[in-house]
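Below are two complexes that have subunit A in common, paired first with subunit B and then with subunit C.
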Partner chain A sequence: MVSRRIFHVVNGVILTAVVVVTLYPFLNIVARSFSTEEEILAGRVNIVPRGFDLTTYRLVMSDDLFWTNYRNTVVYTVTATIISIVLTTCYAYVLSKKHLRGRGLLIGIAVFTMFFSGGLIPNYVLVSGLGLRNTIWAVVLPNAINVFNLLVMKAFFESLPAELEEQAAVDGLGTYGTLLRIVLPLSKAVVATMVLFYAVAYWNSWFTAFLYLDRAELFPVTVYLRNLIAGATDATSTGSADTDVAQVAANIKAVTMVLTVVPILTVYPFVQRYFVSGVMLGAVKG
Partner chain B sequence: MKRIAASIVALSLLTACGSSPESTDLEENRAGAMESYTIGAQFKATAPITFDMLYSDHPNYAIKNDWLFWQELTKRTNITITPSVVPASDYNQKRSLVVSAGDAPFIIPKVYPPQETPFVASGAVLPVSDYLDLMPHFKDKIEKWKLGAQIDTLRQEDGKFYVLPGLHEEVWQDYSLAVRTDVLQELGLAAPRTWDELHTTLKAMKAKYPDSYPFSDRFAIPDPGGNLLNMIALAYGTTGGWGYHNETWDGQNFVLTGAMPQYKAMLTFLHTLVAEGLLDPESFTQTDDQAKAKLAAGKTLVISTNAQNLVNDYRPLLKDGATIAKIPFLAGPAGEVKGYTRLESGIMISAKARESKNFVALMQFVDWLFYSDAGQEFAKWGVEGVTYSKDATGTRILNPDVDFVGLNPSGTKHLQKDFGFSGGNFAYGGTTELLNSTFSTEEQAFQQGMSTKTSIPVPPPAPLTDEEREQATLWETPLKDYVTQQSLRFILGQRDLAEWDAYVAELNAKNGPAYIELVNKARTRFADKNK
Partner chain C sequence: MTTTRRPWRRDWQLYSLAVLPLLFFLVFRYAPMLGNVIAFRRFRPGGSVFGEYWVGLRYVTMFLADPGFWQVFTNTLIIGALTLVICFPLPIVLALLLNEVRIRSLKRFVQSVSYLPHFLSVVIVAGMIGQLLSVDGVVNALAGTEIPFLQRPEWFRTIYVSSEVWQTVGWGTILYLAALTTLDEELYDAAKIDGAGRWRQTWHVTLPGIRPTMVTLLILNIGTFMAVGFEKVLLLYNPLTYPTADVIPTYLYRLGVVSGNFSYGAAIGLFEALIGLILVFSANAISRRTVGTSLW
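And then the complex of A and B:
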């Protein structure tokens, strides 16, 4: 009993430390976004805003490009997530069928890409050659299937009792009927997890868009944000005779970060519901 | 059989002939070009042409398609530019990608030599030196401003150069140190003029404020002491910081920078500053924001600056009557010297542009926009009557509603953000008059001070062959990293300067002398070949 209490105490301390370490930087950014630049540079802002100020929010929100890019991010994320979920589910479901001929090969093809890739330039040439550059497809099609997610989903489908599907077949359901009416409704937990994984990944991603898009009005907001934060750092590193160095105010950076992060944060509570129900689903059956 | 072989040889010779003296036959490439395009001429294509261009998008003035710059450019030159917009944060990576993929736009700006070197071997970029006859303004400025020796430093092993640099009439030194002038006044001191005087000044400051470091520097990332070491190395007759090269030209030969006695003297001086508590040891590792915070809090009194930092970063932070100003570029044992380079970053032209029927027009256009006085004035100041006007003496004045670098704080529109002028992709180089035209009076005084200093000699070109470069790359980075690392240890007192000889032996073990021999060999070879 004593050892259990010690465990709880140690656990509590460690978890609190983790919470502090992860939450502090975030709260700090939020506090900065509401503070004046002088207070930030003077190092006086921690988790409470100093010199409360909303002009920066007004400034950032009045930038048309910011909103255009923001809309792009939403469109890209939604489209890409739908495509990814559909493709990953189909592929994973097929792979979960042990009687499938050539299953080993299909798994091998997928896993191969985890270890070897074509490389940056061939990929670029390919996407370019397919005429996808400067279209939404360049962002949402490459990497549509994440192999790790695929394997997780495959394992989940494999764990579903085969009897259920046999029963469905007896009742006259075909392959698609089984997938749509029996398997998927039982897989809400894993689908929700995948939606979350994919949506967060697409929301945060910037590199694909950076590679394949050449017009500022097509960029997702992450590229906008990255340019703002990283700035033209290279100019300083290479030459002294160049004043064209980005000097973006600290509070503008903070405001943009907050505005970019908030929507994806609000997704979590909604998806959480399915995590819980997923856990209970397993418990009842066990 | 023999005959077939012979005809293959003949054929390949023919094709070789057809492709090598490219510069001579341009008959197929003159569409839209001007018949007589000479110095002082306004370039205007005879038919509308569109050129694509890589564009580095600066977060402070994000690109807009309705900028007056684009409209007016098309009106004056009949050329429309299609920009491939790349965020400035990752510009170099995208540039490498598109050039390597053979997909680069014709015009590739913001190339900092020697960044063009990796592209040379692949043949993806144009040897622009072959086509200078199409660029009268460029040639004129090289000649008029005696930039030949500087241009030679850009030459590759084949004797050609692949980047069109921004050209300056005079050496332009923007960076120096900023000092709290109210504290100088309080202490009854004049602004220091040499590094030794700075030492005295810092000691006086320390005596008055014993609890703090009077000097805490910024620009530590990615090159520790980027500006500080760059400046002081120059004053000591070596190279360091942003300007660091493993080899330094001593007038006769290239020598190993990290082993130079001048380099040791510089480290000794900086170590003294640290040991006496005058220079903040964090100067070499902290972020710019941390350094600025210390200045804002009044904890430190001296910091690196350029003209913009002073106005945008420091002055708004200081309160209670605190004042700060840029001090003259400090002199040292090497005398009243300044750097030599009058070249800036520049433009590469994609090799496939040579195949375009508009190639000649492209070169004329680039020549006009980037190298003619009219083109440079347009890129920097905009359109007379709209963004600026000239007074009786010819001085340009921004129109009352237009602001730029704080010259017109009440202006509602911004020259860069709302009109697209003075942007990093198009405006650079030029006459001293044009350069100074956007400077405040105090900055003009600083530049006046710079003009009395002598430039150090231009190092001779020493281009490496592909094989040599491969070898050199293996040696260069470890050498540079080691010198940087040990320099900091010497400065911060983690390593005793008495161990200097041991340190030099370590550099020798890291192939320092072999590298220097390679560079000197390349130098003599190039000199012999181009007598």
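And then the complex of A and C:
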């Protein structure tokens, strides 16, 4: 029994370390974002802000490009999520119908793409060839269906009792009516989970936009941030004539990161369990 | 005749729902697969997406003879192997530790925190790494040094793999924790009667119990072995760290998209995708023979 006690103490220490190590980078970024430049450059900022200062927040938030890009992120995320949900739901519903002729082929078409993809260059050539560059479509179309999400939804639809739909057929509802009025109202939880999966993925994505968009006013905020980190965007360029503007350049990164991550951190505690349930559902029939 | 017509008449509405999704797969998944023919054809920017005329294996022999390619090939194998060896077992360990926690609220809190990094954009992750490891960053402050870690090739793999651990370990526990709850209590009771201590119970009951989950995830991990964390490398590396950081996807991105050698890039990409396909099929076949679990 003594060894059990020791084990629990050690286990507690390890798990505490996991929590600390996971949270530490967040706390550090937040602390840096509220600190003055001198304190940061002197290497004195740890998890408590030093020389509390809001100049950088004011500066970043007064940059028009930042807000334009932030709005783009919202627009891209909403549009892409709607497209993804409609396509994924339709296809998953079709695939869930076991009696359907050619069902195996339809499933195979989707699943094969999980293991083999065209690759970066042909995709790039294609999207450019279709004239989608510098349009919203280059961001919202190329990844519209995630096959993992598709299989999760298919598994859910398959788990619905068949009698429901037989009853719907007796009531004279066609396929569309059954899907809209019977199946979807019963699938609110799984649809919500899918919306979250897609929305977070689109909110966080940057490479598609980076690849296909050349004009700064079209960028999502992730690309804004990427350019800032790579030194290609300058938040001071929109220029308030403040004298200490030149000094704040380094903690601008921290502020922009905090502002980009806040929406995710705000909703995270409320939606986390949907993600977990989504992963489990997918694992049952993976 | 009637047998082929009746399903169509009954199910045409269902088929109609599949039209747009199929169009998506055709255009954005299968057309690029066919687009790989430019690996064997002369490609003119602005011309046909499928190239102009056949040049045979010219681009394949070109990259096979390119020392730069073999350098990134080796880098890819090393980073992929390190990631697999370190990031695959750690979620199992963490899940086992979490499973021993008896205070439910505490367990849930640790879980929630450990999932968090999974929800961050890789741009944010790269930004955080940059801040932590900068000359004025915390790591240097704690170590009392002034090392520009991200400019040092000898540090890149450590940075890549440890950030990968930070990002993935918590989220990776979900499926194991789920599998652990399904284990039969009676097996543990039987093991106790046989005099097995906690370690032996873990070894003989718990681990065999979650083996199907382990094998499945291992196969999936092996399948993505060659892809590496392309976006993260792209965000973290720079010309100074190319000797260790440059991997196949970043190499073909620079050659293909940045420098415009589309055919050459496509040839390398096709090679990479084929290796990935072979890896996942072999891993699956091996696990089916040896442990009797497989994806299909």
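Just so we're on the same page, the second predicted complex is superposed on the first by the 223 of 286 C-alpha atoms of A that agree within 3 Å, B and C clash if a C-alpha of one lies under 4 Å from a C-alpha of the other, contacts with A are read in each partner's own complex, and residues count from 1 in each chain.
FYI, a contact is a pair of C-beta atoms (placed from the backbone, for glycine too) under 8 Å apart; a residue touches a chain by one contact, two chains touch by 3 or more.
Not measured: the values here are computed from a predicted model.
Asker: Identify the partner contact of A:Ile6: answer first if only subunit B is touched, second if only subunit C is, both if each is, neither if none is.
Answerer: neither
Asker: After superposition on the shared chain, which partner residues are touched by A:Arg226: those of subunit B (first), subunit C (second), both, or neither?
Answerer: In the superposition, A:Arg226 contacts both subunit B and subunit C.
Asker: Is A:Gln272 in contact with subunit B, with subunit C, with both, or with neither (first, second, both, neither)?
Answerer: The second partner, subunit C, only.
Asker: Decide which partner touches more residues of subunit A, taking subunit B and subunit C as the two options.
Answerer: C
Asker: Given the touch rule stated above, what does A:Thr175 touch, subunit B (first), subunit C (second), both, or neither?
Answerer: Second partner only.
Asker: Which partner does A:Leu65 contact after superposing on A: first (subunit B), second (subunit C), both, neither?
Answerer: Only subunit B is touched by A:Leu65; subunit C is not.
Asker: Quick one: is A:Val262 in contact with subunit B, with subunit C, with both, or with neither? Answer first, second, both or neither.
Answerer: neither
Asker: With the two structures laid over each other on chain A, which partner does A:Leu41 touch: subunit B (first), subunit C (second), both, or neither?
Answerer: Both partners, subunit B and subunit C.
Asker: According to the stated criteria, A:Val125 is in contact with first (subunit B), second (subunit C), both, or neither; which is it?
Answerer: Both subunit B and subunit C are touched by A:Val125.
Asker: Touch check for A:Leu164: first (subunit B), second (subunit C), both, or neither?
Answerer: Neither: A:Leu164 stays clear of subunit B and subunit C.
Asker: Would you please give the residues of subunit A that touch subunit B in one complex and also touch subunit C in the other complex?
Answerer: Common interface on subunit A, subunit B vs subunit C: 41-43, 120-121, 124-125, 211, 223, 226, 229, 250.
Asker: Spell out the residues on subunit B that touch subunit A in their complex, using ranges where they run on.
Answerer: 56-60, 62-63, 83-92, 94, 97-98, 100-103, 112, 115, 172-175, 219, 222-223, 226-227, 230, 242-243, 289-290, 292-293, 296-297, 306-309, 312-313, 316-317, 339, 341, 344-345, 424
Asker: Spell out the part of subunit A that touches subunit C in their complex, as residue ranges.
Answerer: The touching residues are 4, 7-8, 11, 14-15, 18-19, 21-23, 25-26, 28-29, 32, 40-46, 86-88, 90-91, 93-94, 97, 100-101, 106, 109-110, 113, 115-126, 129-130, 141-145, 174-176, 179, 200, 203-207, 211, 222-223, 225-226, 229, 250, 253-254, 257, 260-261, 264-265, 268-269, 272, 275-276, 279-280, 283, 286.
Asker: Can you check the complex and tell me which residues of subunit A touch subunit B?
Answerer: Touch list, subunit A to subunit B: 37-38, 41-43, 63, 65, 120-121, 124-125, 128, 210-211, 214-216, 219, 223-224, 226-248, 250.
Asker: Flag every residue of subunit C that touches subunit A in the complex, lowest number first.
Answerer: 7, 11, 13-15, 17-18, 20-22, 24-25, 27-36, 38, 43, 49, 94, 97-98, 100-101, 109-110, 112-117, 119-124, 126-128, 130-132, 135-138, 140-141, 166, 170, 174-175, 178, 198, 213, 216, 223, 231, 234-235, 249, 252-253, 256-257, 262, 265-266, 269-270, 272-273, 276-277, 280, 295
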